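I've put the structures underneath this note.
One chain, chain A, appears in both complexes that follow, with chain B as partner in the first and chain C in the second.
So, the complex of A and B:
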């Protein structure tokens, strides 16, 4: 019932979810059942790559929720993504056990290397999966709540908010680069062995992670869709369009903003947590401001304020990136830079907006004809 | 070697000329040999004890021969030998399996000998320090004042009490105040070893302001010396404390200087931004890359004129201003002007420009860092007082940033362009109605901000690596400086830049460089929550909108 209501006026969303469901079914079959020689076979490498893209898509949806619907441009969403990733990475690190290079039963390799003799307090509990998953949600959520509460309460808006979120992720990057922080410094966390008892190298695990990412993306999409179609979503859109007016109408603007910002950060954290086991590493470069800004361009390309557009933008830009960085590494930054300029100048509502505009135009032509 | 080879190859007639020339040279050299030096060297060669050698060295010094200083240096370094065959003193340079020797008295080249043919004139530590003092005494006559002071200080370090009289003598003749002061300190340092209580106390008192490590070591020893009276020990202790306190003060001063230097870099990086962002309200994420272009301009100027490194900076400054300014105007005309009033879109579009500029530089110059030479007049340091020196390049950049700031202020306050800029930012419609071409003003304002970024790049090229990522490192910092100081307020930018620089340098010894940066960033993030309009918010009409 709810499902139907959510997608009632969302044709793009219906198509998006259908495609996602098809992928979640077909890709595993193409990988596991179809023999390697067949043209329909999907190699495991591609499955992992697609799974990574799906995580990015979830991250893009999370950003679109705050930027497209509430008008909050966060240039630090990569930080929430990375924090979720680190929480997952810590769990995987603890799961290595005594199979590390140094064979220490409890300490991860890098701690042995730094000749630490005990686990820091914040590493306790991460050996249990449920606790790690709780942290995936809690750590980015809490940070976003506190940060958002401070910022929105003192009415830091627009560009100022963007700049301090950028400073936030920059500061976190510097902090995580420090060995003393106990998160592996430069190298971050890597050499993971298995997740929930299944080897990360195994084909079936890869496929399972891909399916999990697809489900998370679909779930994230529905959650966001639910939010934006609810009364809350309308208030958010009103805040985006005229914050003062909403405030004068008696709404607690900052409460709405903090709430949506926190939800978005949690979604980003989940995306990060799914991302880490698929790429096998998490390090401080995930915090770098460039990543967060690149994320913004995915959303801008796809079309902000459409959710499915953001997801498609993430998939398209990342596909282009993985092709271009391999084929013409020199060209990638030119292309990305040009994309920023072109999208903001010529396609302010992204590809999906442009498509809609063309359709409207065509419809008008038809009527006149 | 090459001389011999050329002789072998040359015709007999030419060989004759060469031989004649060599002979002439030898003769000229020999004519310099004085009987006193010869006698002294002979004494040195035959001396059996170190005391005798010292006496001989003294007579070398007293011979007044121009080579005396070099010979004593050779003796000190163990390059003086006696020839086994005739006992002559020679200067030897080690070459493979033997020595190249020349006569010490005449300077005549004696060819090569084997290791066994010569005996080194040995020196021990005591002789060495006496020799150093002796050399220093000779150098005391040097024309150059700072070399004279160095020689005086060396005598102080030698601990040779006999030199007190020499120094006192010299002090009476000396005219320069600086040298006189150095002499007094050196005498006091030597008198620290005196057995006389009064002399010692006076000496302790005299050196208690000195910052030299040698004095500190001496005083520490005196303070713990059981064989001297309590009063002297206490005096030494007090003097040490005073010196330590002074050292701490200097340390704080130099921390503040480094802080101001870091601050001046921040100000330079942010000041262009305070024009584009502060005055125009345009978020220019490519600002860092405009700084980078300025740095690369310096590099190119130095490559174009490799023989004029000294003048490269005066050339690079206007060049960088023009290049970055033109690129800035290009950005404004091509992109920013379509996005006025849409700050988030401006931010994204200019970020795209920054990526393109970075990659352009990477493709043109290579992704590696380029090295920019520091001109001689900018390297080194100047000593304000002993124990407190300022590095010249940082000092120049500090001054330079203030000059740029002052010029910018002048442009904004005193020129027609500045007036129009302020008019357009305060009320665009009204400014247009008064006949100001606001389009042109926008373009020029943006160009001005970009040009200043380029000039900042020239300065930064002297402090950091010049690479494609140079700009990225400064973009977050410069926005923070502008926002912290209060958007649209130039003085705020100056104060916040210098202040943040000093604060992070003061924090650094406590928590480490990276942590200091994090602490400052977190502080800024919290500060902006508290006072979103910065330290010095704009008041009045400009604050609206």
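So, the complex of A and C:
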């Protein structure tokens, strides 16, 4: 019922979810059932790569919710992704137990190396999965709430807001680089062994993580779709178009901005938590400002304000990146820059916007013919 | 399609009745500004401004550029805090203690000089957002339009003459239609006091005449304060006119008296 209503006027979204469902069924079969010799076999490496892309797509949808709909350009959304990732990484780290290089029953290797003799207080509880999952949601959510509350209450908007989000992620990067912070310094958290008792090296675990990412992406899409089709979604778009009018209509604009920023940060955190077990490492470079800017490029390329466009942009740009960085590693950054310039100048509503425009043009031609 | 003043008459009583948190009007005035001063970097935008508007009155405010008209609106609606002075809505509500959304929900509606509507939304959606009875985040997430809300929107559409355009994106309306839509957005908020900044700037003559009729029909049920440059228009609607000059009231009274006031002629009308 609700499902049907959400997608009633969303053709792109229906296609997107259908393709996602198909991938969630076919990729596991192609990996687990189809024999390795067959041309239809999907190697485990590719499954993990695709799973990583799905996490990026969820992150892109989260950014599109605040940027495309509420007009808040965050240049630091990678920070929320990384924090979700660190929360998951801490759980996986605790799961290593005494199988680390130093064989300490409780302390992760890097703490033994730093000759710490006890677990810092903020590492307690992460041995439990439910607690770690709670932190995946709470840590990015709380940071976004506090940061958003301070910024939006002081009416920091537009480019100034973008700049301080950039500063936020940069500051977090510097903090996480410090060994004394207790998050593994520049090496970050790695050497994970298993998740919920299943080995992270096992093919079945890889496939399960891929499917979990697909489900999270679909769920995140539907949540965002529910938000943007509600009256609240119309208020957000109204804030984007004319903030003062909304305020004089009696809405507390700050509350709306903080709300949507927090929801978006939580989605980004979930994406980060699914990303870490699939790539096997989380380190402070995930906080680097460049990541957040790349994320903005994905959304711009796909077409902001459409949700599915943002997801497709993330998939397309990252596919291009993984091909280009293997074939021509030195051109990737130039390609990314050129892509951003081209999209900004020629395709202001991204690829999905361009597709819609072409369709309208074709329809007009047909009518005149 | 032009606004239909008859529809305004027909839409009297229950729907546009004053909201429950009505200001106390026992002394007669709905807006009381006394000794308001505002300065920006040493420039005195308002300099001891005092203004009293009666309930149900239609008041026109005129004055040359920089006289402080827009700053006065900013003070009343909570956008700018004055350096000194008092501002009351009715007898008891101290406007200087409240923010923009609170003042808006008390029943002071403001129309901007430049028409500001939500361009991406349809006319209907514009009115839906303006007229929503509850404006908290979580309620808005779950809100569905009630029959009562829809009725109120339909009446506002009829009053401002946009019934046929309800499904059009607001961005595609003509300039005059946008102005009317914005007035409609104020009406669905059940305002007691309407502050209207230059409603006929850029309008055609027909549109101006229709707007004059619309505003005249609103007075009585609402108190209306109109800031306007267009003297022809002011003459056609004004009952009482206040002339601002350099942040102060220069003269106040009936249009005929104002026009013959030598000081007014000197600073403004004689230009």
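A few points about this structure:
Everything that follows uses one rule, which is that the second predicted complex is superposed on the first by the 369 of 369 C-alpha atoms of A that agree within 3 Å, B and C clash if a C-alpha of one lies under 4 Å from a C-alpha of the other, contacts with A are read in each partner's own complex, and residues count from 1 in each chain.
The criterion applied here is as follows: a contact is a pair of C-beta atoms (placed from the backbone, for glycine too) under 8 Å apart; a residue touches a chain by one contact, two chains touch by 3 or more.
Since the structure is predicted, the reported quantities are computational estimates derived from the model, not experimental observations.
With chain A as the common reference, chain B sits beside chain C without any clash.
Once the two complexes are laid over each other on the shared chain, residue contacts for A:340 go to chain B alone; chain C is not touched.
More residues of chain A are in touch with B than with the other of chain B and chain C. By the touch criterion defined above, A:241 reaches chain C but does not reach chain B.
Applying the stated contact rule after C-alpha superposition, one finds that A:166 touches chain B and leaves chain C untouched.
In the superposition on chain A, A:231 contacts chain C only, with no contact to chain B. Shared-chain residue A:250: touches chain C; no touch with chain B. Legend: residue contacts after superposition of the two complexes on their common chain; A:155 is shown touching chain B, with no touch to chain C.
After superposing the two complexes on chain A, the shortest C-alpha to C-alpha distance between chain B and chain C comes to 6 Å.
Comparing the two complexes, no residue of chain A contacts chain B in one case and chain C in the other. Every residue of chain A that touches chain C in the complex is listed here, in rising order: 227, 230-232, 234-235, 237-238, 241-242, 244-253, 255-256, 259. Considering their complex, residues 73, 147, 150-151, 153-156, 158-160, 162-164, 166-168, 170-171, 174-175, 177-178, 289-290, 293, 296-297, 300, 330, 333-334, 336-341, 343-345, 348 of chain A touch chain B. Contact residues of chain B toward chain A in the complex are 283, 335, 338-339, 343-349, 351-356, 358-360, 362-363, 472, 476, 479-480, 483, 514-515, 517-518, 521-522, 524-526, 528-530, 532. Considering their complex, residues 77, 100-101, 104-105, 109-110, 112, 116-121, 125, 128-130, 132, 135-137, 140-143, 185, 189 of chain C touch chain A.
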